[in-house]
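The two complexes that follow have chain A in common; it is paired with chain B in the first and with chain C in the second.
Here is the complex of A and B:
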């Protein structure tokens, strides 16, 4: 059973990772927690559902459409909600609150427009089958998710390590103001970062939609988990975000499987408190100045 | 500070004045009744079907001369299946709209929250699908004077499915997956466990999940390890779909056992293969011919079936009929007189057969329809007499 639980944990962790990395990326640049990140996940889960149900039942096409809509929604959130506040030099805390408000608003809009009922992806997508190794079973879709997550995250890491934009992002994450003095177009950079975070959230939304159906609270129910993962790994650190996500995913299934499923969240949140007490910067985080 | 206090006092006074005005107007020419149910959120389909059916009942009654020579006027609020919203809705109905009785809600947690409001304000409520025993009889065993229901309790449902599983299906080892923090799911888990064990069966394990959870594979893997004959899943439709699909994905082939919440077309649409062969207790035998008129009327009025998302519509009908019978019996729309009439009311013409409310428990007796999924459709396999 241990192997099976480990596989379950990896599958859950890979979904968390896609979401957490977007979180951490925006945090590292702008020093605030983007609570509207879940909106992108939810919207893209619905986009994926509509594309696969009414247009074409093809997973790669679905991923692509979800990715593009993720970019669009995320950039739209930046331009419509955060940009006006930043222009008025609003405190970071107000950005958090605006994000929170936006996510509640979108959730309720979806309920009004599309009803609170879940939307299940077409059965062709759901019945991809399983691989059985010994006593353990792994769904093909989980393998696809794991693979796509890893590819997406490696691409992102390479981009940040090697490209000119990546250098700018790394520079700006030390100090946005200094980066701007050094001639970096920080406004443009923010849009790029929101686009990247949106792309990952779009993919996460599509996969969550397949696995868990599309429903209005999808994004916000994952937001807590992504937030814990990000703090665990060190807010602002991308490798930390990935490690944090997998640790949380695996911890959750092991606690559920071996101790008690009802105690799962007690463990997750205790871990958060312990990390904050023992190593406030998280596993791989660098600084812990006062940020929102 | 003084200014603030003065302002507050003024506000409180004007609100109470307004409230006073409104309850006075209850003496107008209509009989005002209230409904509370989920009209948005996850549970919206249930609330909507119920409200729609009650609206039809009101219309029919008024077209036939109303009750006590007066027309009935319906006031309704959305509780989003939330307990605090439900209590607020009940307060508004009683204090602002001046209703003489409230129908609904369909969920146990919400009903418990409303029950205290109704008891405090001495206005009767008839819960529709709130099955937790504590809705009508509190934890100390005292009956709540103003709270009634037209559905069975979790104890009755849990006992029915447990005894059917043990005696008729010959199941001996069952695992349970239930929602921690849901009055509905916890109540069923407890009554199922108690009945199944008292019959001689074994509960291999009881795994829990939280309300917003969508991944149950950790719990299901632990269950699979124990190799149960069946898995009892007292859950709402979304969790039913996800958990049954995930179980089959993990190679778990045990039979699923469920309760009244399983009766939903969404379960068939999204998990037909996974729930094939599942056995659950439906709150009403939807194949009964007695329901033909209600079904036809609803379809005609709203363009969709009354029971695509479960049986709540029928319970809306029953609750309404019981209330109207009580108003007639009381001969007035005085809330306390209606309460007295509800207590021990007998032989109200419900959607299937006569309904009576027990004077000691405020509960009712009904036949449970044991239902299965066969070739992707629901099928009643047996009618199980209501145990007390």
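Here is the complex of A and C:
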């Protein structure tokens, strides 16, 4: 029973990690909270639903389509909404509000066009079967989610550690202006970062669609979880984002498994408030006093 | 003359106006964003309702207790997060707003998701109007005072404000306190006016709406916020047809994005609506008209 819950928690935690890493990446570069991150997740969950239901029932194809559409939506958001503001050097909080406006708009457009009902992925995907290890039954879909997410995160880590763009991202996370003086094309870098965040959010959206069905508020409820994970691990820190996400995922599953499933979200948000009161910089947070 | 339906809408508008003014002080004048002000309304509403329903206290005591409770929670959440740079405060308000709503939904003592009924009536339109006028008067004076100017200085440039010797943290906390007090008062009034409370009355959509009204009215304009609240609060009542509610939110979202991109200062900008301002506007118009005449007159 415990092993089963643990694997489930790791799967959920890995989906949170995909979200949180994308959010933290944008936050560490531009120091603003991207409220439109949830839009990408919701749209990709629906894209995954339509591809799997009407075209081809194949999980790898679904992941690929979700990934590509995630990149497209995220870059589109950057170019249409954030770019005009960044060019004007607007206050960072204006970017937050623009993102919020965008997410309110898209959420309600989806309700109008596709109705607010929950859309469940085709049953072939959901019933992939179970694996029995000892006396624990583990859903294969959970293992797939965990595996794909970990591979995606490792790829990102290798990219940031070894590539030239990765070096630019690491440099820009210290100071965007200085990176720009050193000859880094920061406008191009931002598009790349939004593309990476979009790809991760696209995969996350697809997996959430499988686990929780697709619905208009999926993105915003998941973004809230990403915020909690980010604060738990330390705002702006990528390793912190991953650790925070897995901790939150496992704790949520344990709470809903052993106490009550209705208390899961109460627990998560109360956890956030407690962390902010006790240790606001989180587990791995840098001292955020000096990072203006 | 005015039937009770419209009187009801006017009363509700007056009540929500208080919460909008609270967000206006925090967001418009101090430059801090709260995505969870509906949560503070909920605290005010439920504390006052419990005090009146179970504690048998008079209505006024309930209103005061509700206001005080919301203020205390606001200061408690502001104290650790306002010291930090970055979006901690923003995430904290988002978290507290959601946490409060979810706790209320699962707490059977206050009726859970079904809500709390018979919380004590006694709010009438004249009373709300009186409170509105007093609050607006007090806020206008606050903004003209040294303390209000310090808040505005923080919004404009934090580093410069600090260099001028302003205690940034204290004034941010002050703005948060005032803002939460007003939200709590609005929540308490709403509960006693409607005679019931439900957690869904205080969901994140409500928080976002409060923020949107302030943004549309204009950053740093008390009258701008008042005008936009007077227009936008009754709007859903007028638009009670089909999917008008969803379209309303789509349009709000679009408007917010467009306003932020093209006219980030909102409807009124930093200007206040006053008789003096109107006269100045017309005299400018006249002057321009005279100026243009020689050019155009052939």
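One rule holds for everything that comes next: the second predicted complex is superposed on the first by the 262 of 292 C-alpha atoms of A that agree within 3 Å, B and C clash if a C-alpha of one lies under 4 Å from a C-alpha of the other, contacts with A are read in each partner's own complex, and residues count from 1 in each chain.
Here is the rule we use: a contact is a pair of C-beta atoms (placed from the backbone, for glycine too) under 8 Å apart; a residue touches a chain by one contact, two chains touch by 3 or more.
Note that the structure is predicted; figures quoted are calculated from it, not measured.
Q: Based on the superposed arrangement, let me know which partner A:111 touches: chain B (first), chain C (second), both, or neither?
A: The answer is both, since A:111 touches chain B and chain C.
Q: Scan A:139 for contacts with chain B and chain C and give back first, second, both or neither.
A: first
Q: If you stack the two complexes on chain A, which partner ends up touching A:182: first (chain B), second (chain C), both, or neither?
A: neither
Q: For A:265, using the defined touch cut-off, is the partner it touches chain B, chain C, both, or neither? Pick first, second, both or neither.
A: Touch partners of A:265: chain B and chain C.
Q: Comparing chain B against chain C, which has contacts with more of the residues in chain A?
A: Looking at chain B versus chain C, the one contacting more residues of chain A is C.
Q: With the two structures laid over each other on chain A, which partner does A:154 touch: chain B (first), chain C (second), both, or neither?
A: Neither partner.
Q: Determine, under the contact definition given at the top, whether A:167 touches first (chain B), second (chain C), both, or neither.
A: In the superposed model, A:167 contacts neither chain B nor chain C.
Q: For A:5, is the partner it touches chain B (first), chain C (second), both, or none of the two (neither)?
A: First partner only.
Q: Let me check the overlay on chain A: which residues of chain A are in contact with chain B and also with chain C?
A: Overlap of chain B and chain C footprints on chain A: residues 108, 111-112, 262, 265.
Q: Please name which positions on chain A make contact with chain B in the complex.
A: Counting only chain A, the residues touching chain B are 1, 4-5, 8-9, 11-12, 108, 111-112, 115-118, 120, 126-127, 130, 132, 137, 139, 208, 211-213, 215, 217-218, 221, 252-254, 256-258, 260-262, 264-265.
Q: List the residues on chain A that touch chain C in their complex, please.
A: Interface residues on chain A, with respect to chain C: 27, 31-33, 81, 84-85, 90-91, 93-94, 96-98, 100-109, 111-112, 220, 224, 227-228, 230-231, 235-236, 262-263, 265-266, 269-270, 272-273, 276-277, 280-281, 288-292.
Q: Which part of chain B faces chain A closely enough to touch in the complex?
A: Listed in rising order, the residues of chain B that touch chain A are 40-45, 180, 207-210, 212, 214-215, 217-219, 221-222, 225, 238, 241-242, 245, 249-251, 266, 269-270, 273.
Q: Which residues, counting only chain C, touch chain A once they are in their complex?
A: That would be residues 31, 33, 35, 76-77, 80-81, 83-88, 90-92, 94-96, 98-99, 102-103, 106, 204, 208, 211-212, 215, 243, 246-247, 249-250, 252-257, 260-261, 264 of chain C.
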